[in-house]
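By letter and in written order, the chains are A, B and C; residue numbering begins at 1 in each of them.
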Amino acid sequence: MLAYSLRRLLISVPIFIASTFVVFLMAVLSGNPLNKFLAISPPPPPQTIEAERIRLHLDQPIFERYWNWLTGLFRGDFGPSTESTLDIGTEVINRYGVTLRLVFLAMLLALILAIVAGVVSAVKQYSGVDYTLTFVGFLFLAMPTFWFAILLKEAGINFNNAVGEQVLYTIGDSSVYVAGGAWDKVLDIAGHMILPTVSLALLSFAAWSRFQRAAMLEVLGSDYVRLARAKGLRRGQVMRKHALRTALIPLTTVTALDLGSIISGAVVTEKVFQWQGAGTFLLDAISRDDVYAIMAWLVISATVIIVLNLVADLLYGVLDPRIRYA
Amino acid sequence: MPDNSDLSSATTQTPEKRTRVEREFTVAERSQAQLVLRRFLQHKLAVGSLIVLILIVLLAFVGGWLWKYSVEDLTGSNSQPPSWEHPFGTDAIGHDSFAQVLRGTQISISIAVLVAVFATVIGTIWGAVAGFYRGWVDTVLMRIADLVLTLPLLAVAAVLAHNTSGSWWLIAVVIAGLYWAYVSRVARGVVLSLREKEFIEAARALGASDSRIIFRHLVPNALGSVIVNATVLVAIAILIETSLSFLGFGVTPPDTSLGLLVSQNQTAVSTRPWLFYFPGLFIILIALTINFIGDGLRDAFDPQQTKVRA
Amino acid sequence: MTPTDPTTTAGDTVLEVEDLTVQFPTDEGLVEAVRGVNYELRRGEVLGIVGESGSGKSVTSLAVMGLLPKTARVSGSVRFNGNELLESTDKQLSRIRGRGISMVFQDPMTSLNPVYTVGDQIAETILVHNDISKKAAHKQAIELLETVHIPNPEQRAKSYPHELSGGMRQRVVIAIAMANQPDVIIADEPTTALDVTVQAQILDALRTAQKETGAAMILITHDLGVIAGQADRVMVMYAGKPVEKGTADEVFYTPRMPYTLGLLGSLPRLDVKTERLTPIAGSPPSVINMPPGCPFSPRCPLSDDICDQEEPDLESGSDSGHLAACHFSYRVEGHEPADLFRPNAEDPLPAGATEGEVIE
């Protein structure tokens, strides 16, 4: 299993590197970062513009720029940002810390909700509960993240007004200054996290609960569940020991595969709640035509995704003996 | 040929029975398409959704053209709540929100349909080639598709769509250029499973050529899955486009899309809620109905999948 | 509740099924899967139930176990050692399942849970019904594996199902079925999914299990060949109803129902030379919204007007225990399959085939 995952990884890396070239090319072609000088009046002296051109390697041919960027990566150099004071490497890693906090917590919440909803739906198939959960699932599948996030933000503000206290924060990932000790800092961060986490989690919840329902239904209809009943196990025992145990396995793969779309969702969520995370880092970089910053975001994201998929592969092997020795 | 011999003996063996009640063959033979249509029509939610969706499309494309205000018109009445004059109200500078939502719906649906068409064509060819030839072709093609699938596509689309200067079909090309990978996996799966089916082996044994097998056997049998996926893809594309426009990298003013409308009016959610809710509800309604239709089609094409084994 | 009454002796009835009907409401109409089944199972005997797929034979046994989906409508009576099972709660049934009555299913490839070792799965059924330690249960599991002739049972107990062949897996399922010394083992098409070469071994294993536990066995199959030499009594089912019942000898040598005769005719025989198989034309009727009359009538060479109007009851002929549901059972008696079901003379033999070869 480990060998299989590593072999997959070994093919994925070159393909990923090839795809970075495509994105690099598109990003370079999509805009000229020097255009911002044209908007200033009076325009800065040509020497300033020329110095910036050289600092951003715009004087080099594109293949050379790409090659220098790629080799720079292995030295830990992400390249120059259009913001002269910005160190891309430090910034992107700090920002990703904030984002991963959101992403992992949202995944956890989504998984718990999806498993409960999916299993209940499957066990009570065609009941009122099932129809309700199914409809809620479909509704969230159809709901754009940004719309729901804005709605939650509004609800948060109303909630704060009703309580008469700032409990749920609707702007930022943490307060700049928090009075009191470490516990207050934790509370502050938690207060900032609740709404964005819920907003991001419900996006994945919809798809995963449908998936979990289908997986559970398949297992419930399987011959081995019937045999377990024929052996004299009670319904509850069969659910716990046979159905749930097996029906959870496929969710590991799906969770890992969906990480990309959750990171995308985090970009939107961060924008709505004005977090200083990797998502807003990317959006700012795109607006600035900051090619190296965009590439840094992409490389880190891909690394996170590839590593997590590898972990999921290994976990799958642990959970499913059929894969273990394959 | 066990079937044929059975049938012929059924008629030759007892000729006097031809006039009697034919119990076994009371169900008239139907074509595949008729069967699918009949099963789809039994799916009430899907049929209802189809009707709603057709109404929305008509409203957007015909109604938008007939409606007395256009997107650019300044009506003179600012920040009006919904009324007969302005069903969806007006914004701060007097635009009629109904006209804007209809225009946004037109653009969003056009992009989504284009995405579904492009992505289905690319993805089906990609997946079919991988599944049909297998071996290293399959490995390389599917590794690429897998990688594309795992990327945060919305964000990558934002990077790529940045210089489309709001051109709606370019946005569609960018989204389709990333989302074909979904279709390719499905298409490959179908082709791989069909490859192993007896009727394909039979055709091969009879000396049918590759192209005959592909077009006479694989394509018609894969059609169901492809249609279902294209339908679901329309719903996904609606959400991607609106998100992209919301982030500011999709459709840009002066044109509009449902996502852009939500983005422009997000601060109005408490003061002029009609500006925020109507475009959002349209997005949900469109995506929801399409998903239900997709569900109905899936059941219609593959009834076994949902039937409970007794 | 006393599932094993020590005073009972061989020959007593352990399982009694009366007027059992099972219906499934579906979108297309009411599916009448079982339309009135009666049988008695005596301690230690083997009852064979034969029929084509869809004849209701599997549904009958699932109804006995109380394992039908909730949508099923079951009526009639199923008495196990005198206790009415159809009125029992799931809790009461759970005590009987796997201990009083156990089951072997058709497909060994899917019958075992892929994520547990076979040893665990056998031990599980022991632990559910007995208050013993896990260690003792595992020891018993290994002994059971040995009984069903699995080599290296200690090692095999640690294997996962996917590491075993289909035949091995079916032995494991049989070991599970016999683990708690049941009074009844129901084997539902136990050999159908297996290679022909393994089928005889599995039937042997079943026979061993039945002998070791002293259980009565219901052997369900579509294949008369499986029943021959195994069953004491045979019940033939068609479209949800028994159409012929009798001892194995009666049913095999003097069938009284055209369908049974047809089944015998489609069985390749080694003792009769140069004779073509005689197929039964057509296929079993759909059991949705059935028309009146005998359901076999459209395929029956003896069919007449009365067959389309009236469904015949199971009735005995001259020999009292041998029942058949046919208006013309007297015309079946004493005939060979080929007399009624003519091999189609106009149907040419496949190229290279000679008379008497098996034609599929």
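Heads up, the rule we're going with is that a residue touches a chain if its C-beta (ideal position, glycine included) is under 8 Å from a C-beta of that chain, and two chains touch if they have at least 3 such contacts.
These are the chains along with the protein names UniProt gives them: A = ABC transporter permease; B = Oligopeptide transport system permease protein OppC; C = ABC transporter ATP-binding protein.
What you are looking at is a predicted structure, and each value in this text was computed from that prediction instead of being measured.
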Exercise. Taking each chain's centre as the average of its Cα atoms, which chain lies closest to the overall Cα centroid?
Worked result: B
Problem set entry | Top chain pair, ranked by how many C-beta pairs fall in contact | A-B
Seminar exercise, completed: Distance between the CA centroids of chain A and chain B (whole Å) is 25
Seminar exercise, completed: Rounded to the nearest Å, the gap separating the Cα centres of chain A and chain C is 54
Seminar exercise, completed: Averaging C-alpha coordinates per chain, one finds the centres of chain B and chain C separated by a number of Å equal to 47
Exercise. Which residues belonging to chain B are in contact with no fewer than two other chains?
Worked result: 308
Exercise. Which bits of chain B are touching chain A when the two form their complex?
Worked result: 139, 143-144, 146-156, 158-160, 162-163, 235, 239, 242-243, 246-249, 259, 262-263, 266, 269-270, 276, 280, 283-288, 291-292, 308-309
Problem set entry | Residue ranges of chain A in contact with chain C within the complex | 222-224, 226-235, 237, 241-242, 245-246, 249, 319-322
For this session: Please name which positions on chain A make contact with chain B in the complex.
Result: 8, 11-12, 15-16, 19, 23, 26-27, 29-31, 138-139, 141-147, 150-151, 154, 157, 221, 257, 259-261, 263-265, 267-268, 271-272, 279, 282-283, 286-287, 294, 297-298, 301-302, 305-306, 309
Exercise. Taking the complex as given, what residues does chain C use to touch chain A?
Worked result: 65, 67, 90-91, 94-99, 102-103, 105, 107, 110-115, 124-125, 128-129, 160, 162, 173, 176, 180
